[in-house]
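So, here's a batch of structures to check.
One chain, chain A, appears in both complexes that follow, with chain B as partner in the first and chain C in the second.
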Partner chain A sequence: MTLKGTIALTLVAALAGGSLPAAAQGPIRIGASLSLTGTYAKLGKNQHEGYQLCIKELNAKGGLLGRKLDLVMYDDQSLPPTAVRLYEKLITEDKVDAVMGPYSSPVSEAAANVTEKYKKVMVAPLAATTSIFKKGRKYMFMVISPAEGYLEGLVDMAAKRGLKTVAVVNEDTLFSKAAASGAVELAKKKGLQVVFTEAYPKGNTDFSALLTKLRAANPDVVAAATYFDDAVALTRQMKELNVNPKMYGVTVGGDLPEFYDTLKQNAEYIYGATQWEHTLPYPGNQEFFDTYKKEFAHEPSYHSAAGYAGCLIYAEGVRRAGSLDADKVREALLKLELKTALSPSSGRARRRSPCGPTTSPRARRASRRRPGTHDRTRRGPRRPPPMPPPDQTAGLRRQSRRSKIPAMSETTEP
Partner chain B sequence: MRLSPAVVLPALAVVLAALVLYPFVGTGYGVRAMLQIFMWIALAGSWNLISGLTGYVSFGHVAFFGAGAYTGAILVASAGWSWPVAALAGGIAAALLALFIGYPCLRLKGPYFAIAMLGLNEVLRALVSYFEGLTGGGNGLSLPTLDATRAIYYVMGVLAVAVTAMTYAIITSRFGLRLMTIREDEIAAEAMGIDTFHHKLAAFLLSAVGPGIAGALTARDQGYIEPLSVFPLAITVTMIVMVLFGGKGTVWGPVLGAAALFVIQEIVWARYPYVHPLLFGAIIVAVVLLMPRGVLGLLQLKYRLPRTI
Partner chain C sequence: MSVVVTPEMIGQVVISGILSGALYAMVALGLALIFGVMRVINIAHGPLLMLGAYVTFFLYSRTGMNPFLTVPLAMAALFVVGVLLQRTLVFRVVDAPELSSLLLTFGISIALVNVAQNLFTSDLRAVEYITGSWSVGGVALSKPRFIAFVFALAVTGAAFLFLKTTRLGKAIRATSQSREVALVCGIDVGRIHMLTFGLASALAAGGGALLAVIVAIQPEMGGVWTFKSFLVIVLGGAGNYPGALLGGLLLGLVEQLASLFLTTQLSEVVAYVLLVLVLLVRPTGLLGGRQT
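What follows is the complex of A and B.
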């Protein structure tokens, strides 16, 4: 930039910072670091696109507080320490006006230390582990429902079908451990016998040892708390090693269209957990699906929808607060009730708001999809410490279905 | 070309003064980035002590970093120690680990040592994941929030200076000469009456302390560690690449390599999120092919610089 340009810009900045109305200010810059490369790359990319679409739409409607929105994005390589550095960079170096959450629980856990330090509101749309929100953190908001419930649908249905034994495997990180322990607990409660549990490290690609042991335990049900890459590898190697449980479900990954594209017919008969489906009758959901597909040339996953909705929730909080001030936005978010494509959501901690995982066979071909069979569990962004809604268990139903056995869907209809 | 102390020492003093004053003018990110450079200088410098000087390539040096990180984090989180003391304890723990591992492993030669060290790192990671009660396992260990970045900046800076100064002291000493003799020809060194095993062990211990302290400081600064974030092979590889880039067996090579590669990495990162691994990889390949002795090695040959740079 030339010296003249710099001076001109400084002048403009000085003026804008002074007495001019909001419209004359530059864009509101929203910063985020996402897992664009590394173990969680596929999922982080969808979340990124959700953010992009949300910001594009907000801009088309005239922006926020009269200002345009701008997304400042970095790649944290799926590594918590990198995210810490990048959030610090976003806040202190790029001086962004707001931040949005990264992908995954471990990365959010690390990044939260920075955002709390600088008192920045962070809506973390894809951190599903409740412990993150319990550490006295004030400015962090949860969007999707807790990790512990991801495998509930699978276990619930296995119990209904009279299956007896279950094996639980998981990636050894924050989210997957919570999902696995939730599955183990529910299985015991439902009278299923947990015959095998094992954790594998993040980034693991060879599951042969684990699967050999698993096969020896001969479980009826395999419940796997996974992300995308490991879900694909695990499924493929189960096929190769001829491990054929009566039911097999994964957490994250199974809901991505890429899961089927990669595994083809090996993806059949596999349950996956999702927090969102495009057939759900929420306001703007179909539009979201169509626009997204047109914009990015592939179908959105629940990560896209959660990113999209998280961004809308934050924007609505800012709009109601009438300011970007963290404390005011926080207050507004706590009172907020908002219907998004992801689901209606609410900031009230004790109130149920529909926003939770359903278990859906996204692994199936699109043509086989049977709309309207989803059950939604209800939970919303909440403030720490999150208290479980009193009527939670009664209403909770994460539903699982098998692609080729419609009867099964029927039996689990609420 | 002669580098007279009259030029070098004032220049160093200016740089050090600038670094001391930096936290008062820099942004939060700037301070953290410098802190990271200090950390990498300490790590790369430490790796250089064992691998650059004796030629024993350690592929598991991150094990000491991780051991220090967990020692420090557990002492802070469970025992309530203050972090500077915990950092020191991290260094001591890493040295003890080095003693325990070095005793059998340094009798191995060539690639066997490298592989043993690689294994050590994996074993430690598995152990940390297994003892959940103490370490939190895969859930990681979260430390109470504390804004001590500036203080940690100084401590890490002192550590980087200490490691570099120690390298200088060793390279200019008879001890360093003996280590380099081991690198060139271990049997000849043995024949000349050098107690090669104890020399290697001493170098190994010294090379473990830095990463141990750096690990504990990093754990405190980031406030959250998990097995994968403190035991990744990537940290060892980065240490090695930094030393190779700067020039192994030199005093300033690790400093130059750490600073240059970190800055390149940060720039590439920010601008090209999707291609940075590719660009970084290309840089590594280019360095190894075009200047296998590193930047300083090349300069030493070309301008007949002293061995002690």
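What follows is the complex of A and C.
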């Protein structure tokens, strides 16, 4: 067959393929590994449910590019090396059509090496550490607000109340380190004295000695950059060792209903950070909350919402690109603005817009949309976080392209 | 940012160390028993502890039982599980090369953790029965940890008494000293192996049940306990039962003091450096291991 003939045939096939009904083509297989067991299990599971709900809804609307969607899911046991292996497997063995991000910064950081190697677009909805998106990575997209801002609300409120000293403790992994250093920076700027800092290893369950030292430093405020399991352990042991600061806040964990379920009355008066609340008046937010609760028999957390929104963002990118091709999807995502339940408008920066230090979309966005810090006296209706006004914006952003953006410490943004 | 260490803080940390050390000792005694009697390193020891913790959690959350009263029930339940494991699987590797027993118990441990993940989910569970602390001379004495400490001492004491004085206990020790001679003296070695594995599982379960009151539990909590128990029995002298007690307390203290003077990050490093040092100076452990 001549070359011309081949091209013609291919063209015909492509045209025919385009008009075929969805059922005739296989589903689009989206692969991901999530922390379904291990120390991040609770959070990874919520993210998983967010993905599931998103895919179910997309399928109910006829799928994507006329094809159904299928989620190929593995459990990385909260271990970055396992995630690396699983993304390799997803891409090379399972040959999935697309990937979505795992849970947590440390795991996303590890998985990014694989997805970049194979040039797969990865929307990483639960990776909050900005450094992951730098390093010249081209195909990764960030969804939630940066880790550095998680404790901003707590420090802010403490400063307003005239508290003077703060202790910062953190799990020694990517996200918690960033959140802790953000808290330290901000505390210094707000005139609070940082009297104690210490990191503890992932999976640590005994905080006796750390808390003994912390108690001796006698801080007004304890800011803890935690995940869920360590937040629970730390809180319990603070009670046991009579550590009673005037304010105590955690990053991840305090926002989950399970925090109260596990700790009961000991969960009272603890501040938690969240990227999302169901009471926020975002379009589709209430529907998302209701459907999710009906589907999974528990309330969503911000991890669920971010997973859900991240998946929608990726799907919208594919829809606009009209293809699963990584470079096309990437271009579409870079231009994308999308309203999701996580945020009213995903004001992604125009790629090459001149971003002045104070007017950059991220800085603006950040100043409005910091992770809300709020009293976690659950039982009874959840109060919306006091800070973010309803017009806050959030969402997708590409860090690597945004080299002009000032450093964290200069903008006090999350 | 460091803090000046005061004597009060050292007191606090020493108490924390002793409280957790007793628990280490109790759990490690189980591992020492199995190793002493069967020369099997039971990697499933930690997962058995985890099952014990879940017995307590479910009894407490379903029936509202006092969690400390569930300790004997958890021990009894896991005694049965231990005996069944020995009857069906572990007896096959008692005389096999050590690698076989490692592989087998490793397999059992993976199976137990995965069964637990499927049955109980990976959610973190906690028994919020008693919290807070007593203040003793400026030192905070955690209520749940102290009660758990008393229970751990009682159980460990009872186990020692059992080994020392009862006929069965003597038979276990005899088997551990020399299986052939025990056999010649009319001891049913197979039965002793079964009982030992049951007893060891019960000790692990007791530790798990007490832990459930102190910390939040999840199916993978056991792994680190296998390692800590192993560290304890090597410190004290493998197969040496009082050695397990000494090793447990020592590990508890070293961990806490290292966290106090250095950082929490380094405490594990210090514990393992100690292990290396002990092995260099006294390769058979502090109290001497069992001769082979």
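As a working rule, the second predicted complex is superposed on the first by the 320 of 414 C-alpha atoms of A that agree within 3 Å, B and C clash if a C-alpha of one lies under 4 Å from a C-alpha of the other, contacts with A are read in each partner's own complex, and residues count from 1 in each chain.
What we mean here is this: contacts are C-beta pairs under 8 Å (C-beta built on N, C-alpha and C of every residue); 3 or more make two chains touch, one makes a residue touch a chain.
Note that the structure is predicted; figures quoted are calculated from it, not measured.
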item: Simultaneous placement of chain C and chain B on chain A, clash or fit; value: clash
item: Chain B versus chain C as contact partner of A:85, first or second or both or neither; value: first
item: Larger contact residue set on chain A - chain B or chain C; value: C
item: Partner chain in contact with A:199 - chain B first, chain C second, else both or neither; value: both
item: A:172 touches, of chain B and chain C: first, second, both or neither?; value: both
item: Partner chain in contact with A:300 - chain B first, chain C second, else both or neither; value: neither
item: Which superposed partner A:42 touches (first chain B, second chain C, both, neither); value: second
item: First, second, both or neither for A:209, with chain B first and chain C second; value: second
item: Touched partner set for A:73, first chain B, second chain C, both or neither; value: first
item: Touching partner for A:116 - first (chain B), second (chain C), both, neither; value: first
item: Chain B versus chain C as contact partner of A:310, first or second or both or neither; value: neither
item: Residue range of chain C overlapping chain B upon superposition on chain A, of 98-106, 152-160, 188-196 or 242-250; value: 98-106
item: Residues of chain A that lie at the interface with chain B and also at the interface with chain C; value: 36-37, 172, 199, 201, 203
item: In the complex with chain A, residue positions of chain B that touch it; value: 27-30, 32-33, 36, 125, 129, 137-140, 142, 145, 147, 218, 222-224, 226-229, 232, 269-270, 273-274, 276-277
item: Contact set on chain A toward chain C in their complex; value: 36-38, 41-42, 45, 77, 172, 194-201, 203-210, 212-214, 216-217, 228-229, 232-233, 236-237, 239-242, 258, 262-266
item: Contacting residues of chain C [partner chain A, same complex]; value: 1, 3-6, 9, 12-13, 16, 20, 117, 122-126, 128, 131-133, 135, 140, 142-145, 215-216, 218-221, 224, 255-260, 263-265, 267-268
item: Parts of chain A lying in touch with chain B, wherever the complex brings them together; value: 36-37, 73-75, 79-81, 84-85, 88-89, 91-93, 106, 109-110, 113, 116-118, 131, 135, 171-174, 176-177, 199, 201-203
